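Next come two complexes built around chain A: one with chain B, the other with chain C.
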Partner chain A sequence: MRTRFLAIASLAVLLLAGSAKAEGLLIIANPSVKVAVPVSLSQVAAVYLLRVTAWADGRHIVPVNREATSAAREKFNAAVLQEDGATLAAYWNEMHFLGKEPPVVQESERAMLAFIQNVPGSIGYISASIAPVNVEVLAHVP
Partner chain B sequence: MIKIFAPSIPRRILAALLTIYLLTYSTTAIVVYSGVRESILESDAAALNRLADLKYQQLADLIGALARDLTAWSELEVMNDLASGDVDKRVTLTLEALNRLYGLPGNIYAFDASGKLLASSRDAQKSPLELTIPTAWQDLRAMPAFVDQYKDPVTGDKVVVLSIPVFASFDHSYRIGTLALTYPWSSIDNLLVTADNESALLEDKSGIRLLSADPADLTEQLPLSWAELFAQGKDDAFVIGRSAPREGLIQNWRFIMLHSSGAATRPLRWIAFELLLLGLSLGVPIVLFGRWLSHRLTAPIADLTRVVSEIADTDKLDARVPVTSSDELGSLARSFNRMTDNLERTTQERERFVGELAALNQTLEARIAERTAELEAAMRAQRRLIGDISHEIKSPLARLSMALGLASRSADPDRPRQFARIEREIENISALASELLTLARLDGTAAPPEFAPVPLHRLIKQVIEDAVYEAPPRARDIAFRSTAITVPGNADLLKRAIENVMRNAIFYTSEGTPITVSLSRKGSNVVSAEVADCGPGVPEAALKHLFEPFYRVDTARARQTGGAGVGLAICQRVVQLHGGAVHARNNDPHGLIVTIDLPIGASSPGRSRNKAMTHERGLH
Partner chain C sequence: MAGAANADGGYELGHGLDLGPFNIAGYSNVVAKLPTLEQKSLILDDLSLFVTGHFGRLVNPFAEAELAGLDILHGGHLIGDRGGGEVVLERFYNDSHLTDGVTLRLGKMLTPVGEWNQIHAAPLVLTTVRPAVTYRNFSEYATGASILYTDPNRHFPDLQLYYQPAGELSERPSSLAFHYYKAVEGAHVSLPLGLLDKIGFSFQQSKDVNGIDQSLYGVDFHYTIDRLTLQGESTFSDISNRGPIQARDAEWGIYTAASYALTDKWSAYGWYESFAERTASSTAHDVLIGLAYRPHPAIVFKIEYLQNLSGHPVNPTGLFASWSVLF
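So, the complex of A and B:
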C-alpha cells in the first residue's frame, strides 16, 4: 500500500514536472459568473464543500474538480480545502448520498478549461501556467 | 296400367329415397363444411392476430430494452464531458466500451448541445467529426425519442434511431448534448421473418406506409392496398392477423400477417374427402335398404299383376293372389280373390246355362226337322193324291165322253143343246185334269226333264200361230218382235208356259185390243220374253197372287171365258225349272205385261229346280 502510494506520487510528480514550474493555481469561473474579484479561498472552499450552491445572482454553482491522482487537485486540496484527498472523497460520497452533487471531475487542464468556458456557473482551477482564455479568474492560489 | 308401372314402382321408391338422402346429406355436408371452414378461418385469423401481437411485442421489447439502455447511458457521469467537448475522449471510450459490451449491431453517437458530433462508438478514424446532428434526431419531445427508418449519417445504412438528450449530472436542467443509438433495419427485418406466413410492418401515422415486408414483393401479390387491407381486416384470398394498437415507442407501427386462405383451408380437403366417404358409406346401406323396402312393398302388387295377367291370358279364373299382409295391399288381394271367386262362380253358371241352351236348341232342331219331314211327306202325299185323282178322272171322263156321243145320237133330237153343254163341261173337266196332272208332275219328285237347245223365237212364233188358229179374228191384234235366240231347255214345257201366258192375254182382252209379244236379250246372260196387252189389267193388290194356282181376279168372268186358273202357275213352275223368273206388272195406261226371264248360260236344270224348291219350302 505504501509502495503503491509512493509509486503513484512519484509518477504524478514526474507528470506535473512541467506545470510545477509555475507554482500556483488559478481559480477560474465561467464568464457568466459575476462576483467581486478576488474571491476569498474560504468562499471557494465553501463552494467545493457544497456549503454554498448558488452564486449571488442565484445561478447554480457547478464546482469542477480534477481527478484524484492529479497534482493540481493535491495542491487544491491542501491549499484551498485544507483536507487530504481521502477525507474529501469520503465527505463527497456522503454528500452524494445526501442528494448533493459532488464536484464534476475533469481529467486534464484542457478539459477543465473547456468545461469552465462552456458551462455557465461553473467554477474550477487550473495551473497558473495556463492562459485563462475566456474565463473569469476569481482568485490566485500561490 | 299395372303392368306398365309395375317394374318402375320399386325404382321410383328407390329414387325417392335416394333423392331425400342426397338432399339431406348434401345439405348437412355443406353446412358442416362451411361451418368448419368458417371456424378454421376464424381460428386461423385469431392465431395470426396473436402471432402478429407476439411479433409486435418482440419488437416493442427490443426497442424498449434499447431505450432503457440508452437512458441509463445518458445518465453516466462521464457524459458531463460533453460539456467540455470530450477533450479527454472519455465519452468516445465509454461509447466504444458500451458498444462492445452490449454487442450492439449499430452505433452510439454523442452530440454536444450545439449538435456537433463529439463522440461515436465507431473507430475515431472512420467517423467524420465535422458532423452535426440530423434534424430528425433532434425532434425530442419524448425521452427517449424514437426515429424510425433513418439513414445512418455516418455509415449510410438504413437504421432505426433512438435519441435522448443528455443533461448534466450536476444540473438536471442543463442540457449538455444528445446521445443517439442506431439499430440496423436489417435486424428488424430478421425479426419479421416467419416460417409459414407473410408479414409486413406498417407505419400508421397520417396514412399507412409500408416499412418492410417479407417477402419483399408481397405488395405486388395483394389485391388491395395496404391501407384497405388494414382497414377492412379481411380479404377473400387472405387470412389477416393484425397487431393490436399499443402505447409505447413504436405505437405508430402496426404489424400485419397474412396467410393465404387456400393454405389455411388445406385441412378442409381431407374433411371434404371424409364427408364424401361418409356419404358413400351411408348411401350404400340406404340403397340396399331402399331396394329391400321397395321390393317388399311392391311384391303384393307384382303378385296381383302376375295373377291378373295370368287370368287375362288363359281365361282361367282359378288363380288366386297370396295374401301376405294385413294392410291395404292385403285387403286389396283379399278383395281381388273374392271378386275372382264370384266371377268364377258366375262363369260356371253361365257355361251351364249355355250348355243347357245348346241341348235345348238341338232338341228343337231335331223336332223341327221331324216336323218338316212330316210336312213334306204330307205335301208329297197330297200332290200324289191330286195327280192320282187327275189321272184316275181322265179315263172315266173319256168313257163318259164316248158314252155321251153315243147317247146324243140316239137321244131326242130336241135336246141337242143339253148334250152340247154336257160335252163342253166334260172337256173343261178333262182340260183341268190334264193341267193339274202337269202341275203335279212339275211339283213332284219325278226325274227332271231332258234339256236341249231351244230356238225360242220359233217356239213363240208357233205359239202365236196356234193361238190365231184358235181365235182367227185376233190375228191382226197380235204383234211379234223378235231376234233369233236359242236357250237351253225343254221345248214342250217352255211352249206350254208361253202358250199359257199368250192364251191368258187373248182370254182377258176383247177383240181389237192389241197384244204385243217381244223377245229380246236382257244383259249378256238373260233372255226376256214379254207379252203385253192393253186390256183392263189387274188390280195392283192382285199382281202378287197372279201366279198362285186357282187364283182369279174376276171369278164371274173366268167362268164365262173358261180356264181353271192353273195356267200361270204352270208357267211359273216351268220357268223356275229353267232357272228363270216370271213377273207381272200393269201396262201403261192399262193392261198387263208378263215377262219371262230365262238364263242363256248352261246352268244345271236339276240343281236350279232343287234350289227353287228349297226356297219355296223355306218361304212357306
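So, the complex of A and C:
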C-alpha cells in the first residue's frame, strides 16, 4: 500500500514538473517598460546576458531569474539563452566581477510576479498558465 | 531598484547584496604557499570589495578596493611578527552607456590585455599561481578614458580602446607592482566563439616612469570542447630605451592551459609556461598540475604543484593551495 502511494506521489511530482516545461513561458516586464511588442527572444537574451543594460528611456534593466533548480529556469535557459546552467553561472560570475549585475533571483512564480509588478525596469518570466496581472507581456516562449 | 529583491530574500552567493541602486560584492582568497626552497606561508592573498551603482544611462559608478598580501603565518610566525598587507584601490570609474553597444568609461580600470587580467579574481580563474605572462610585462591598469563596444547580438567582435595620459590613480605599493607606467594606450579586440569562448588580440603602448617605451602585442583564447577547456595567452613586448638592469630588448611569454571536468564539482587542470623576463638572460619554463573542487559556482578549493623545468624561475617550484569565495 505504502509503495503504491509513493509511486503515485512520484508520478504526480513528475507530471507537475513536466507541465512547467510543456506549457511555455511568458516574458513579462514592469508596466514602466515601454517597448514595441512582441520583443524577439534574441533581444531578451541580450538583456539576460547583460549585453544590453538600459531600456530605451535610459532606465536600468533589472533582469530576474528563477532559482537554479526550477523547471521554468531550465526551460528559459534552453529556449531563450541556449546555454546550460553551469556555463551561465560561470558567465554571470565573470560579468559581476566586470561590474555588470547578474539577474536577481526570485524563488517562486508568485515572488517573480510580485517583483515584476513592483520594481520599475524589471523583466522576468512566468509559466504561461499564470495570469499576467499588472505586468506587460513582452513575448511568449512556446 | 533591485533592492526590493533582497527585501524578499533574493541574495544569491556570488551575486552580492543589492542596496537600493547599489550592489555590494567581493571575493576572498586564502593561499597556502609551500615552495620547496623558500619560506612557507599562509596568506590572505585578497580580500576585495566592489560596489556597482546604477543611476540611468550616463551614471554607473564602480569601485573596487582590496586588502592584498596579508600574512597569516609566515615561516612559522603568526601575523604580528611580520605584519604585511596593503590596501589597494583596484578600480574606480564611471560607465556612461552612450548607446546599447557603446560605453564611455572614465577613471581607473583594468587593462584588457588577455583575459586573465580582466577577470583575475581568484574564484574566477583557473589556478592559484598566476602565469607570469598574464601580468608581468604590461600595465595592468589604466587611469583615463576608454571606449567599449559590445555587440548586443554577438555578431561582431567586442572592442575596447583606452588611454592613460599621466600616472596611475592611487599607485600600488612597490610590493605589488613590477613597473610604474606614466602613459598607457591600447586596444583589445575579442571575437566571441561562445558565451565564454573567444579569441582576443591585444595591443598596448606604454612609457614607464624611467622613460622606457614598450610596445606589446598579444593574443589569447578560451575554447571549450565538452568537458575539456583550453585557454592560453601570449604576449611580446618590444622595449626601447633599454634600462641599465635589462638583459633583453624584448620581453615575451606564452602559457597554455587545459582543464577537464571530472564531475560537476571536481576538475583536473594544468598549464605550461615559457617566460623571458626583461631582467633575466635565461627563459623560465614552468609546468603546473592541479585539482579543483567547486562545491558552488562561487566557491573553489584548489591544490596544485608547480615545477620550474629550466631557466631563471619566475614562479617558485612547490606546492600551492587556495580557498576562494566570490560573495
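What we mean here is this: the second predicted complex is superposed on the first by the 122 of 142 C-alpha atoms of A that agree within 3 Å, B and C clash if a C-alpha of one lies under 4 Å from a C-alpha of the other, contacts with A are read in each partner's own complex, and residues count from 1 in each chain.
Going forward, a contact is a pair of C-beta atoms (placed from the backbone, for glycine too) under 8 Å apart; a residue touches a chain by one contact, two chains touch by 3 or more.
Keep in mind that what you see is a predicted model, and the values were worked out from it rather than measured.
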(message) After the superposition on A, what does A:134 contact: first (chain B), second (chain C), both or neither?
(response) neither
(message) With both complexes superposed on chain A, which partner does A:90 reach: first (chain B), second (chain C), both or neither?
(response) second
(message) Quick one: is A:110 in contact with chain B, with chain C, with both, or with neither? Answer first, second, both or neither.
(response) first
(message) Which partner chains sit in contact with A:32 here, chain B, chain C, both or neither? Use first/second/both/neither.
(response) neither
(request) Please work out whether A:49 is in contact with chain B alone, chain C alone, both, or neither, and reply first, second, both or neither. (result) second
(request) Going by the touch definition up top, name the partner, chain B or chain C, that contacts more of chain A. (result) C
(message) Going by the contact rule set out at the top, does A:62 touch chain B (first), chain C (second), both, or neither?
(response) both
(request) Check the residue A:99 against both partner chains and state whether it touches chain B (first), chain C (second), both, or neither. (result) second
(request) Enumerate the residues of chain A that count as touching chain B in its complex and touching chain C in the other. (result) 60, 62, 101, 104-107, 111, 114-115, 118-121
(message) Using the touch definition from the top, list the residues of chain A that touch chain B in their complex.
(response) 60, 62, 101, 104-108, 110-112, 114-115, 118-121
(request) Give every residue of chain C touching chain A within the complex, in rising order. (result) 1-2, 4-5, 8-10, 12, 14-16, 18, 21, 23, 25, 27, 50, 52, 54-58, 60, 62, 91, 95, 97, 100, 118-119, 121, 123-124, 150-154, 195-196, 264, 297-298, 326
(request) Spell out the part of chain B that touches chain A in their complex, as residue ranges. (result) 77, 80-81, 83-85, 87-88, 90, 168-171, 174, 176
(message) Which residues of chain A touch chain C once you look at their complex with the stated criterion?
(response) 42-43, 46, 49, 51-54, 58-60, 62, 64, 83, 86-94, 96-102, 104-107, 111, 114-115, 118-122
